[in-house]
Each structure stands twice: as structure tokens, then as C-alpha cells.
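Quick notes on the structure that follows.
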Amino acid sequence: MDSNLLWIPLFPFLGFLLNGILGKRLGNRAVSVIASVAPLLAFMVSFGAWRKIIDPASSGALHWDGFPWIWLDGILEIPFALHFDGLSAVMCLVITGVGSLIHLYSIGYMKGDPGYHRYFAYLNLFTTFMLLLVLGDNLLLLFIGWEGVGLCSYLLIGFWFQEDENCAAGKKAFIVNRVGDLAFLLGMFLCLIYFGTLEMSALTNADNIAQVSMETTGFMADPETGTGGMAVITAIAILLFIGATGKSAQIPLYVWLPDAMAGPTPVSALIHAATMVTSGVYLCCRLMPLFEAAPMALSIVAVVGACTALLAALIAFTQNDIKKVLAYSTVSQLGYMFFAIGVGAFSAAFFHVVTHAFFKALLFLGSGAVIHAMHHEQDMRKMGGLRKQLPFTHLTFLIGTFAIAGVPPLAGFFSKDEILFAGYKAGIMDGNSLATMFWYVSVATAGMTAFYMMRCVAMTFWGNSNVDAKLEGKVHEPGGWIGFALFVLAIASALGGFLNVPEFLGGHAILGHFTGLHVSHANMTPEELDILHAGEWTSMFISLAIAGAGLLVGYLFYRNGSGLPAAFRSSAPGAFLGKLSENKFYVDELYAFLIVRPFEAISQLMHTLIDQVLIDRLLVGGSALLVRGFGELTRRMQTGFIPGYLLTFGCGALVLIYILLNQLAKGGAQ
Amino acid sequence: MIPELESFKMPILSLVTLTPALGALLLTLIDRNNKALIRQIALMVSFLGLLFSLIMVGNFDATVGTMQMEENLPWIESLGISYHLGVDGFSVLLILLTSFSMPFVFLSTWKAVDSRVKEFHIALLLLQTGMIGAFVALDLILFYLFYEAMLVPMYLIIGIWGGKDRVYAALKFFIYTMVGSLFMFLAILYLYNHAGTFDLPLLLERLRTTNPLDGTQQFWLFLAFALSFAIKVPLFPLHTWLPDAHVQAPTAGSVVLAGVLLKMGTYGLLRFAIPLFPEAAMDLREEFCWLAVTGIIFGACMALVQTDIKKLIAYSSVSHLGFVVLACFMNDVESLTGAILQMVNHGLSTGMLFLMIGIIYERRHTRELADYGGLAGVVPVYSVFFIIAVLSSIGLPGLNGFVGEFLILFGAFRADAVWGILAASGVVLGALYMLKMTKMFLFGPLVHDANRNVQDLQTREILYLSPFVIMMVWLGLYPSTFTKLVQPTLSLYVQMLQN
Amino acid sequence: MFSLPALLYLSALLFSIGIYGVLARRNILVVLMSLELMLNAVNIALVGFGRVHALSTTSGEHGGQIFTLMVLAVAAAEAAIGLSLLLLIWRRWKTIDLRELCRLSG
Amino acid sequence: MEPLTLSKAEILAVLPAGALFVTGLIQLLSDLGDPNKTSRQEKTHLAMIGATGALVALASLFVQGTAASTGELYAGAMTDDLFGRLGAGVIIVTSLFCTLMAGGYLSSSGNNRAEFHALVSFSAGAMVLLCQSTNLVSMFVAIETLSLAVYVLAGFFRQQKAASEGAFKYFVMGAFSSGFLLLGMAIIYGLSGASLSFSAIAAAGASDDALFAVGALLVLIGFAFKVGVVPFHSWVPDVYQGAPTLAVGWMAVAVKASSFFALCRFLYHTGGGAYMDQILIALSIVTMILGNLAALNQQSLKRMLAYSGIAHSGYLMIPLIVALSGNDILIGASLPFYLCAYAGTTLAAFGVLTALSKATDKDQLGDLNGLAKSRPLLALGFTVALISLAGIPLTAGFIGKLMIFSDAIGAGFVQLAVIGILTSLVSVYYYLRPIVAMWFRDPRSSFDLIPAPWGVQFTVGACGIATIVFGIFPDWLVELSRISVETILG
């Protein structure tokens, strides 16, 4: 019971309230202070909490019982409770740490924007929800954060709401996420039904999982026979994973993330690179035992992850918007993480979350610095040669690039290597052909990552300047908080890998142990361990080679004066692939063609046909018309003609008498 | 703090119910030209009503599920009709919702309605009595009386102070509602002749023990009741009166209609139709659930293609109340709690949305989405409130809408995964049309010059919108304040149905 | 010779003629006469019944005859009203054709 | 032969009707001289004194006790029981209100003859007798007397073509139906063996005879004509439209009420013969449907109310059916209540029309446009009346419908209740149309009221309030109706 935990999300929330309500009156300076201090305070509280749980004497976790939330005594008890263990500690530190830096960065970046206080309010709110997401002790509370960050993402993508595109992108992000959330919700329902609770500890409890795995009637089984359907545990895992594909931009729901780049760049860094998009991975790690109990689900995760990684990398090849490149790179890296999860390497996935947070934030902030310096020019074709004007930015960006490409000993090297090894082990070493195939995919993707990042660097910083003449001379290094943030993140990207140095390299996999995701090798025989280490070495060399190759090819292609890209594009397959890649494989168009437009057309059609014509005109209006028609008919029967009236009278009387006599003849008097 | 009823011997339910009617009576004595005084008195009366309902809630014993604060007086003895009021978990929140929204409705009309002010306020106050009365009535005829008594003022409100096609809309509203309620009336009379009483508790007792109904009787009687309530809800495909009524009604009318009146339908299902005829309800459960699910999706699809904001929100009501109907047919405490919360939530969020549309309509005199766009820059405060209402409406966790939807969807999913999935897809669609509307309404470039000088919210408007926001957050983060009140009754109810 | 059936047949015949007259004739005057005929046809039956009952009971019951007298009075009043209406119609409409009085309808 | 002596009860029993007849005679006499010598007020006052006198006389009947029947008076020609008194009360009060309204109405139409008052008084007297009559002769005479008076009333505005047409239609058809009525009575008399009074007929066991059913049917047809039951209804809309508005109000309320009271007594006493209930069911269904449907598209308010009146006759037959069906007979008590409620609301409705009509021409739906803006109270009164007619709660009309349909269901006639409900639904539409016109539309014309409108306003107000009061606290009237029906059943 530690109610101090509440302060972690509460500080940013207070910042949000202050800035949101009073922001306009406080002035930009006060807003900046409040906004940046809030996550810093949260960082400090998290840090304190972290110190507490690494104390060997502690239980390794802090817990705040909170208050009843959705609470029906004895029926459904979901508290508003926070839980702080290794996994959430790391996430909290990353969120508040990187978050604080980005807040600071934003002070410089957003200077002079009319929505200054609004921006920081949103950012603080985001931090709040993100922290709630990682601290939530049950899935539903996590879901508050989950949707909350989605909301902030929506608001921040559409931050410059005067542009239609920005709002459309925000809307798209929210809706696509909602689709994922739908599955998440259903997953939670299944958990509630079969586990009877949403508490993390219960969902990861081995006994509970074993019990649910024994469930014979599958999900969506035929109600009569009880057969068919999917194993419950698998269904839960898949549904939750679909939820994760929404938030973490995986196939098929990744389409929103590239569009989300419409928001301010620090937002892209914080939300769409470092923190929010990794929450899907966090979710899977959080529920590791559950996922592990569903191997089929895991293989789906792996396949989806690897495919996403590949697809996004392919698209990244031809993007000219610097942020789009980074966005696809993010999608690709997220795909990596899911691939890792799919092959059972939760620790590696989570490790990659952390390192990715560092270097991707760095890259985005670097790109932001460029964009800022270029007065909101994002097209790389109009850059080039910026190395001279922006040497510091160039340096940090390069560090980020090498980190993501996997150059040792930068952060990305360790995490990516671990992932590739996991694939290697699951595929080649364990002899699983599917895993092998997707291991190849992931290896190829690693090379491609190095390639397109190199392309990005070369187009932006190297070579000849293509900068607009009007801007020439105005481009200069951003200083102040922007530089500071870049600096800190560059260091983190460089050194972050040492958090989890694998055992074969003499490390202790600290992070893996700390978060409890590490698969222990303690029960292996020395021989097995040797084989394992041999594999690890092999895998490392492969990954090194592929990263190096990627970087080299990239450099050769895009170094100054190289005609290779043009030559490639002029070849037939090159032109075809280039077009595909440039147009993002037409996925957006496909969705529009298959889902969005038919849906709207059908809605419109239903509105006209069913709602207006069938129900309102035909049924409602028709019955009214019918009644009124009869009314008119009866009215017309009143002719005003006395003989007619008398005849009616007489006939009426006669008919009645006739009927009566008939009845009497038949039945006699009653 | 809260006055103890025992010491006062206050007929608190009568006070809550009849205060507005007495206020209306008082208003008749006031000079029609003294508009300010009329408005103030109406406001004060509604606040008094709120005060009484707060006292009522304060004295509500959350530990028992049976009827409380009952008042049972003989009324028309010769016809067996009694003045029997009572409150339990089903009604307590709805009464509170009604009393809560009325003062703000009155505040919202200060500028909007300037012709026949006196009649308008009298109609609204009578409407309030009708609504609360329907929630507390435990005698079938008394209920029917209040149920119908709502009809006439609402009809007048739409017809007199409404928009261009108000006559058509009002007539449609009236006839539609009458179709259902007359059949219910017949069913009530049938029940009386069958079991010899109009008194609900007594009737429930007798139907289970001494005077059971056979299958056919149950079937038809249930249909009669359900038809009436389904129209009121409105359940697909009986919903076409709602868009027209909403669009034509003045703001206050829309708010009351969406906020409270529609709940009469689902409340009626829970209070009367299902417990009186449990077997028929079980037999027809599938059909009604399918209709509800269809309504959820259909309403959302319709909302998606609307260009009139009020119409859009009207269709969203069809969708949202589909959830409630779905939950009404799930006999478990979770769903039913969800149903009641969702009723309150819908009242808050849709009520607030209509209030806000009313505010902008006062300034711009159009409800076409195409006439707006880019307002967020012009009216930032307004936009914030609007977005909060939208978020509440699409069920963002942490706000009120989520809690109800979660419970309902859970219940539905547990009963039949297909229903759960289809209904839950309504949540996605909800986000779709709501955000589409928000985008067209608030965001994007400011294309119409007329929107350039729109005034932002005034203090009075902020004042009556803020309580809605507070309630939304309260219900979203600490719903147990309210679920506590509801749960014992629901547990009893579920037990009763299971026997 | 008193025969109730014969009287009744006569009565029925006259009544039918009256009905026919009312239904088929267009002259208001003839219609009025037919209406009188109907009433008086019934009178015949009443007188007949009255006689039978007066004979069969010892109490000196003369209901039928009294009834007949009453009906005669009523018929006279009716005729008066009818004729005055006829006059009115003639003044306002300049017709005594039943079929032309059809302005009010619907 | 017994000496001709009158008991106290016999004298008291004829007093109300007597007062009315005397008033009528005095009015006629006052017209004999110079019509302009006695002023409008004096005639009105006289009529009111007469009606009040009748009311006092009615009250004095209660000296003999409230409930119990005094048995047969005047050798079985009439009786004095609560049922009859209730009917008489409705009629006298209605005549009082009509008199109140008459002054201004008549002077606005330029007609100042006391004849109007005389005719109302005569017909009222006849109606009171009709309610009290217990044998065939007195019933026939009463019904013919009232008819004759009402024929003249219908054509009261002699100068108008429409009035003369309506009156003549009424007369021809009325006389035609009288023939049927009389034939029926003759048959019953012939079968019953020397008795004219209902109780004697019942006692003679004549109702078991097959032919009795024919006789009863013919009597029913006579009454069906009076109350406007389909297919004997054709006169109603035309006469209502042509006749003076006030006279229509009087006809709509009093003729219908008294006829129903008498029919009720006749049927309850004699049992109605074989298959009577089925005939009534058929007539009731046809009447409810046709009346409501035909009212739907009317532009003339008077025609609309005429058809609505026809429809209500259909509803009013349900209690008779219920009573005849042999089920718990007491539930037939809804008839007097419904009639009272109907009387109040109809009076209010016609009161408004009277107030607005300078002569009879202003009865188009559109003429009401915007009434609520210029004459809110009249509009309110009319609205209450319409809502009550539609059977919406908090009005007496609702309670009436409740009792009728409840009785129908209780006696097992669910189909009647269903049809009743369906047709009421239809009726809601046309009752709403005037409300729409009054409240929702902008004024098209000015609303000049007739002179001395206070009488009308008082009537509308009193009837409107009574409609609401009996809608909320109907207990007293319900009990009264119940006891009164009990009395005729003995």
C-alpha cells in the first residue's frame, strides 16, 4: 500500500489542469515551467519508487489499493489501483524521463505558437494517461490510459486544427485505434468471464492460466454442440494482440501512424515513437505468461510482427518526408518487437522498447530540429548538406541512425541483436521452418533499416544543398532546450544498450531480470549453454554483417553524386517496386476502397432506402396514408342525398333483421 | 447535514414530484410580460426540485433493494387506483438525473425562448412533474397518467417553440407515442381484470402466486407493454419520430427529450414489462436483443451520414439506447447496472451536446454541419466543453460513458458473443460519427465569414455546462457512489427473475 | 269478424307500403304521407293487440288503445312539423324534390 | 275503477319535467305578444329560472332517499330512481348551460325569439321524462316530444338554406326511425301479453320469444338513430353542420344522453332478447370504426365533432354489451359516467364554437388558427375538451375510457377493447388538428366573440374545470354511476 504512487500520474495531471484552465492567463513562461516540472516531479517520484523496489529487502513491487472503481460488491470488483513493479518502473522512468526531455525540447520548438498552453496541457495529459497505462493494476485501468493516450494522440495530431489534413489524421488515428480497442475490450470480457477478474496478478498466475487452458468449450463455439470455436486462452491472447496492433501500429492497423506525423514533431517523438506506440508491446510483456500459454497466438504475433517490419521498411525506402521515414521506421521497429514476442523473447522485445524510446526519440527530435531550422520544411529533397549548418544536430542524428541500424555498442545493437537471436533460436536452432522463414525476413529488415536510415541521413545532411534559396543563410543550429534534449538523448542512445548486456557478452541482462521477463538459463546443462552461446555469437555476426551491409549500400546509393537510385528506378522491376513503395503499397487506397467508402455508401443507401423510404415513408407514412384514405372513403360515403341516407337506414335495418332471423332460425331463442 | 425524513415526516417523493407542478400553478398567476420574474421563479422551483431530490437521495438506504419512502394513499378507490409512490435502485438515479438537468435546462432557455415565455415555463415544469412522476409511480394507472402527462407539454413545446417543420414533428411524436401507450393502457386494464389491482408490487406478487398468466396472455401483454416502451426508447425500427422531433424541438425540448424522456422507455421495460411478464420476456429475448443490436449499428450508420447536427445526435441516441435495451434483456446485475448507468450517462452527454448545439444555434441560426468548421479557434472554451461532451458520448474510459458501456457490453458478450461483438462495434462507429462531426464542426479551416465573430461561452453558459462535466468525471472515475445505490435492487430483481 | 292475423297482415302491408313510399318517392309531400302511413300501420297492429289483450285479461287492460291514441297525437304533431318544414323548404329552395336537398355532405 | 289519486312520490317525480314544460309554455306565451317587448335578458332569465327550478325539483326528489327506487309510478309509466335522476341531472344542467350561452348567441345572429328557449325547455322536459319512463307508451311519447322540439331547433335559423336542409333531413329520417321504433314496441306489446311497462314485459317472460328479439331490435334501431349509431347515423353530420351551433351542442349532449339512459333502462329491464349482445357488438364495432375514420379529414369542426360523437356512441354501446352479456352486471356502471364526462367535454367544445360563431359559418378548422394567442383561455378550454375526448389522462374522458375498456376486458370482450383502442388512436389525429391550429399556427383572422360572452366563457370554464376535476378525482361520480346502475337492476 503506497499511495505515493498516485503522485506519479497526478503531477502531470495537475500540470494539465493548471495549464488547461489557466494557461492563457499564466503566460507562456509559467506554462513552460509548470508543464516541464510536472513530468520531472513524476520522474522523481518514479525514481524514488524504483529505489524502493530495488531494495533487496522489499517485495519487488509497490502497490496502491486505490479506491473502488467499477465496483459491484461480490459480482464485479474492479478497483482503481496502481501497481509498480520492475516492468512499470522501467516504463515510468522512460516515460517521465524521455517525456521530461521532450517537454523541455518543446519549449524551444513550440515558441510563439498561439496554442502554446494548449499544447503543453495536452502533453501533460498524455503523460498522465501513459503513466496510468503502465501503472494500472488491472487491464481496465490500463485501458483508461490506453484510450486516454489515444485521445491525446488525437488531440495532438490535430493540434494545428486549421488544416483539414491534420484533423483527418487525428481522426484516423483515433478510429483505427478504436478498432483495435474493440478487440481489446472483447479480450477483457473473455478474461472477466474465465478468470473472473482483470487484475494483472491473476491474469499472469500460472494456476489460473492452466485452469483456463483446460476450458473445453471454445470461444465462439457452436452453442448447441459446444464444439468448434477457439481455445479460450488463444482467443484472449489474439484479441489482446489485436488491441495491441492498433496502438502499436501493426498490420493491419498500422495505417494511422504515418499520418500521425501531422502533429508537432516533439509529439511524434514522445507519443508516436517513444512511448504510446510501445504500449502494445508493454501489454504483451505484462501478460507474458498468458501469451506464453497460447503458442498459436504467439506465432500469429510473430508473423504479424515480421511482416509489419518488412512492409514498413519497404515503404520507408522511398519516403521523402523526413518524418514519414521515421514513422515507417517506427512501425518497422515495432514489428520487430512483436516478432520478438512472437518467438518468446519478451525480454528482448521490452529491451528494444527501451532502446527504441531513446534512439527514436532522438531521431525525431533531431528531425524536429532540422524542420524547425528549415522553417517547417519536411521534404528531404529540399534539404541536403545541412551538416555544415547543423553540425550538432547532424552528430546526434548520426548517433541515432547508427543506434537504430545496430552498430555496436550503441543501444540498438544490443536490443536488436537479442531479437534476431531469439528468431535465430526459434527458427534455425529449434528447427521451426516458419520461424526460420520469418527470421530471414527480420534479418533482411535489419539490413533495410540500416539502408533507409542511411538514405535519410545522406539526403538530409550530406551532399549538396537543395535548400530553398530563401531559406539559405537562415538555417542555424537550434540551441537551448532543443540542444539539451538532443544531447541527453544522444547519450542515452549511445549507452542505453548496456542496460541489458546479454550473458554471453559478459553482461547480466539486468533489465530482463529486473522486469522479470528474462528467461532463465540456469537450468540448462553446460553443453546446452555452449550451443546456445555459439548460436548467439553466430546470430550476432549475422546481424552485424547485415547492419554493416545496409549502411554501406545506403551510403553507396545516396552518397554525393551517386546515380544508383536513379539507375535502379529506371529498371522495370525497380520502377514497379519504387512505385509500390512510394504509394505505401496502396494500403490506404485499399482500405478506402474495401471498407471506408463502401461503408459510407451503404450507410447513405440505408439512410435513404431503409430509414427514409421503407420505414418512414412506406411503413409510417403509408399506414397514416392508408388510414386517411379510409377516412376519405368513409367521408365520401356521406353523399348528402336523402334517399341515399334513407336507403342506408332501411338496408341497415333489413340486414340486421335478416341476420337476427337467420340466427333465430338456426339456434332458436337463446 | 441532510434532514432526516423520519423526524420531518416529509412526503418526500410527492415533494419531488409535485413541486414543479405547483411551480407551474404559481406561474399562471404571474403577469405574462414579466418575463424575468417568470424565468427566475421557474429556475428557483427547479432548484427546489433538485434540493428535494438530493434530500431524497441522501435518505436513500443503499443497503436494501426494496421500495423505499413509499407513499400509498387511496386515490380513486372506486376504480382501485391508488396514489402509490416509491423509489428503489431503478428509479433513484433517474429521478436525480431529471431533477439535476432541469435547472440547467431552464438556464439555457433564458435567451433562447422569448415568445410565450410563461407558457413555455409552465409546460417545462409540468413536463418535469410528468417525468419524475413516471419514475416514482408504483400504480400502473398512476404511471400511465404521468407517462401520458409528459406527452402533452412536450407536444406543445415542439409544436409551439419548434423549428420550421414543427407541426409535422410534433404530430409524429404524439401519434407515435400514442400508438404504443394505448396498447399498454389496454394491457394494464387486462392485468387489472386478471389480478384485480393496479398496484405494481401487489400485481407482481399475485401474478407469481394466485393469478398466474398463461403463455399466450403473457406474450400479448408483454408485447403491448414492450411496444409502448420500444417506441419511447426508441428501438429500431420504431425510431423515425426521434430525428424529426429532435431537429424541430427547441433546445430545451431536445435536452429533456434526449436527457430524460427516452429513458422512460428503458425504465418501463425494467420496471414493468420484464418483471411482470418474465417468461414472455425470456421467449422474446432473442428478438429484442437483435433489434437492439441492429439499432446500435443502424443508428450509428445513420448518424454517420447526417448533415444536420441535431439529427446526427438524434441518431446517436438511437444507437446509445440500443445498448440499454440490450442490457435490459440480460438478467444479470452487471448489465442492468450498466443499463441504468448508461441511461444516466446518455442523459448527461446527449443533454449537454444538445445544450451546446443550442448555444451555437442561438448565435448562428443554423444546424448544418457544412455551415461550420474551424470554430475551435474562434470559440476555444466552447470547443473544450463540446469535445468533453463528445468524448463522454463515445465512451472514453475515465468519463461516464465508458462505465455503462463496459458493463453492458460485458453482459451482452457473456450472454452471446455475437451480440457482444456487434454491439461493441457500435462503440467504434460511435467514435467514427462523433469525431467526424467534431472535425467538421470545430476543426478545419474557417471558411465561413459568419463564423468569425461567434461569441465564446458566457459565464452563465459555463455555469450550466460545468455541472455536466463534473458529473461526467464523477461518474467516470467514481461510479461506485451511484452503483452502490443501485446494486441491492438489481440483485433482488435478478433473483426474482431467476425464480 | 275479428282476426288478429289479418289485422297484422294489413298492418305489415301498410307499413311496407309506407317504407316503399319513403324510400322511392321524391316528392316531399308524398314522403310525408308515407311516413304517416308507417305510423298508422303500426296503430292497426296496436289496436289489434290491444283488443286481444283486453279480451284475454280480466283487469280491463286497454294499453293498446291508449297507445294508439298517443301515437295518433304524435303523428298529428309530426305532420304539423313536417308540413311546416315543407313550407320552409319550398320558400328557401323553391323545390319539393327530396333529391335536391343535398348541399350538406361529406 | 280506482279513484284517480296521486301519491307524493308521483307528484315529486314529475316536478322537474313539469317545471321545464311550464317554462317552455311561458316562453311561448311571451312571444305571442310583441316579440320585442320582452328583452333578450328577460327571456334568458326566465329560462334560467325555469331550469333552476327544475334543478331544485330534482334535488327535492332526493328527499325520498338517495338510492332506492320508488317503484313504479303512474301505473308503471315512470319511476323515480337514481338512474333517472342522474340522467335528468345531466340534462337539466346542460340546459342551464345552454340557456346561459343562448342570450348572446341568439342576439348575435339577429334572432331574438323566445322560441329557442321554449324549444330547449320542452325538449329538456321530454328528455327528463324519457330518463324516467318505464313503459313503452311514456317512452314513445317522450322520445317523440323531444324529437319534435329538436327538429325545430335544428332548423331554427329559418333564413338559412343549410339549416332548413339539415332540419328536414333530420325530420324525415327521424320520422322514418320512429316508424321502426313504434313497430318494435307494437311487437313487444303484442308478445308481452297486455303489458306495456318494462318490468311487466320482463315478468311475462316475453323476452324468451324469438319474435321479441325482432321487436327489441326495432326499438334498438329507433334509439340507434337518435344517438347516431352506424348505419343509422347519416343525418348526424349534416344536421350538425346546418343547425345553429348552440342547438347542436344541446343535441349532441342532451339527446344522446337521454337516449342512452332510456335505452340502457330498456335493455337492462327487458334483457334485450336473443342475440341482442351480438347485434350490439357488431353495431358498436362498425360505429367506432366508421365514426373515427370519417372524422379524420373533416375541415368543418362541427362535422368533425359530429363524427366524433358517432364514434363515442360506439364506445358507449360497450357498457350495454357488457351488461347484457350476463357477466358481472355491475360493471356496466361506466355508461352514466362516460355520458357525464362526454356531456361536460362536448359542452365545452361547442361552447367555444358558439363563442366564436357569429351565426354558424365559422366552423372551419382554419378559423381556429392562432386562437391561443388572442384568446388563450378559450383555446385552453377547447384543448381540454379535445384532450378529454381523445381520452388522454387527467381528464374525465380518460377515466370514462378506462372504465369502459376495463369493463369490456373484464367481461371478456377483448376484441372490442382492442378495436376501441385502435380507433381512439385514429381519433387522436383529428382531435389534435384543432389543437395544432389553435396553438401552433399564426392567427389568420380576428376573433370577435358573440355579445355577452361571459355566459359562454363561464360554461367553457366550468366544463373544462369539471373535466379536469373529474379526471383527477372521479371517485364521487364513479360511485354515483355505480349506485345508479344498481338501482335499475333492482
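To keep things simple, chains are lettered A, B, C and D as they appear, and every chain counts its residues starting from 1.
Simple rule for what comes next: a residue touches a chain if its C-beta (ideal position, glycine included) is under 8 Å from a C-beta of that chain, and two chains touch if they have at least 3 such contacts.
These numbers come from a predicted model, not from an experiment.
Colleague: Weigh A-B against A-D on C-beta contact pairs and write down the one with more.
Modeller: A-B
Colleague: Need the most distant chain from subunit D, centre defined as the mean of C-alpha atoms.
Modeller: A
Colleague: Averaging only over C-alpha atoms, locate the centres of subunit B and subunit C and give their separation in whole Å.
Modeller: The separation of the two C-alpha centroids amounts to 66 Å.
Colleague: Determine the centre-to-centre distance between subunit A and subunit B, using the mean Cα coordinates as centres, and give it in whole Å.
Modeller: Each chain's C-alpha centroid was found; their separation is 37 Å.
Colleague: How far is the middle of subunit A from the middle of subunit D, if each middle is the mean of its Cα atoms, in Å?
Modeller: Here the centre of subunit D sits 78 Å away from the centre of subunit A.
Colleague: Once you find the CA centre of subunit A and the CA centre of subunit C, what distance in Å lies between them?
Modeller: 97
Colleague: Residues of subunit B that touch two or more other chains: which are they?
Modeller: 175
Colleague: Check each residue of subunit C and list the ones that touch at least two other chains.
Modeller: If we look for residues of subunit C contacting two or more partner chains, we find 19, 22, 98, 101-106.
Colleague: Two or more other chains touching the same residue: where does that happen in subunit D?
Modeller: Residues 168-169, 172, 176, 237-238, 298, 429 of subunit D each touch two or more of the other chains.
Colleague: If I apply the definition of touch given earlier, which pairs of chains qualify?
Modeller: A-B, A-C, A-D, B-D, C-D
Colleague: Can you name the residues of subunit D that touch subunit C in the complex?
Modeller: Answer in residue numbers: 136-137, 140-141, 144-145, 148, 151-152, 155, 158-162, 164-169, 171-172, 175-176, 178-179, 182-183, 185-187, 189-190, 193-196, 237-238, 241-242, 298, 300, 303.
Colleague: Can you tell me which positions in subunit A touch subunit B when the two form their complex?
Modeller: Those residues of subunit A that touch subunit B are 20, 67-73, 75-76, 80, 118, 140, 143-144, 146-148, 151, 154, 158, 161-164, 167-168, 171, 174-175, 178-179, 181-182, 185-186, 189, 192-193, 219-220, 223, 599-600, 602-604, 606-607, 610-611, 615-616, 619-620, 624.
Colleague: For a test of understanding, state which residues of subunit A touch subunit D in their complex under the given definition.
Modeller: Those in contact with subunit D are residues 627-628, 630-635, 637-638, 640, 642, 644-646, 648-653, 656-657, 659-661, 663-664, 667-670.
Colleague: Which residues of subunit B touch subunit D in their complex?
Modeller: Answer in residue numbers: 76-79, 141, 144-145, 148-149, 151-152, 156, 159-160, 166-167, 170-171, 174-175, 178-179, 182-183, 185-186, 189-190, 192-193.
Colleague: Can you tell me which positions in subunit B touch subunit A when the two form their complex?
Modeller: By the definition above, subunit B touches subunit A via 172, 175-176, 237, 240, 298, 301-302, 304-306, 333-334, 337, 374, 376-377, 380, 384, 391, 396-398, 402-403, 406-407, 409-410, 413-414, 416-418, 420-421, 424-425, 427-428, 431-432, 435-436, 439, 442-446, 477-480, 483, 487.
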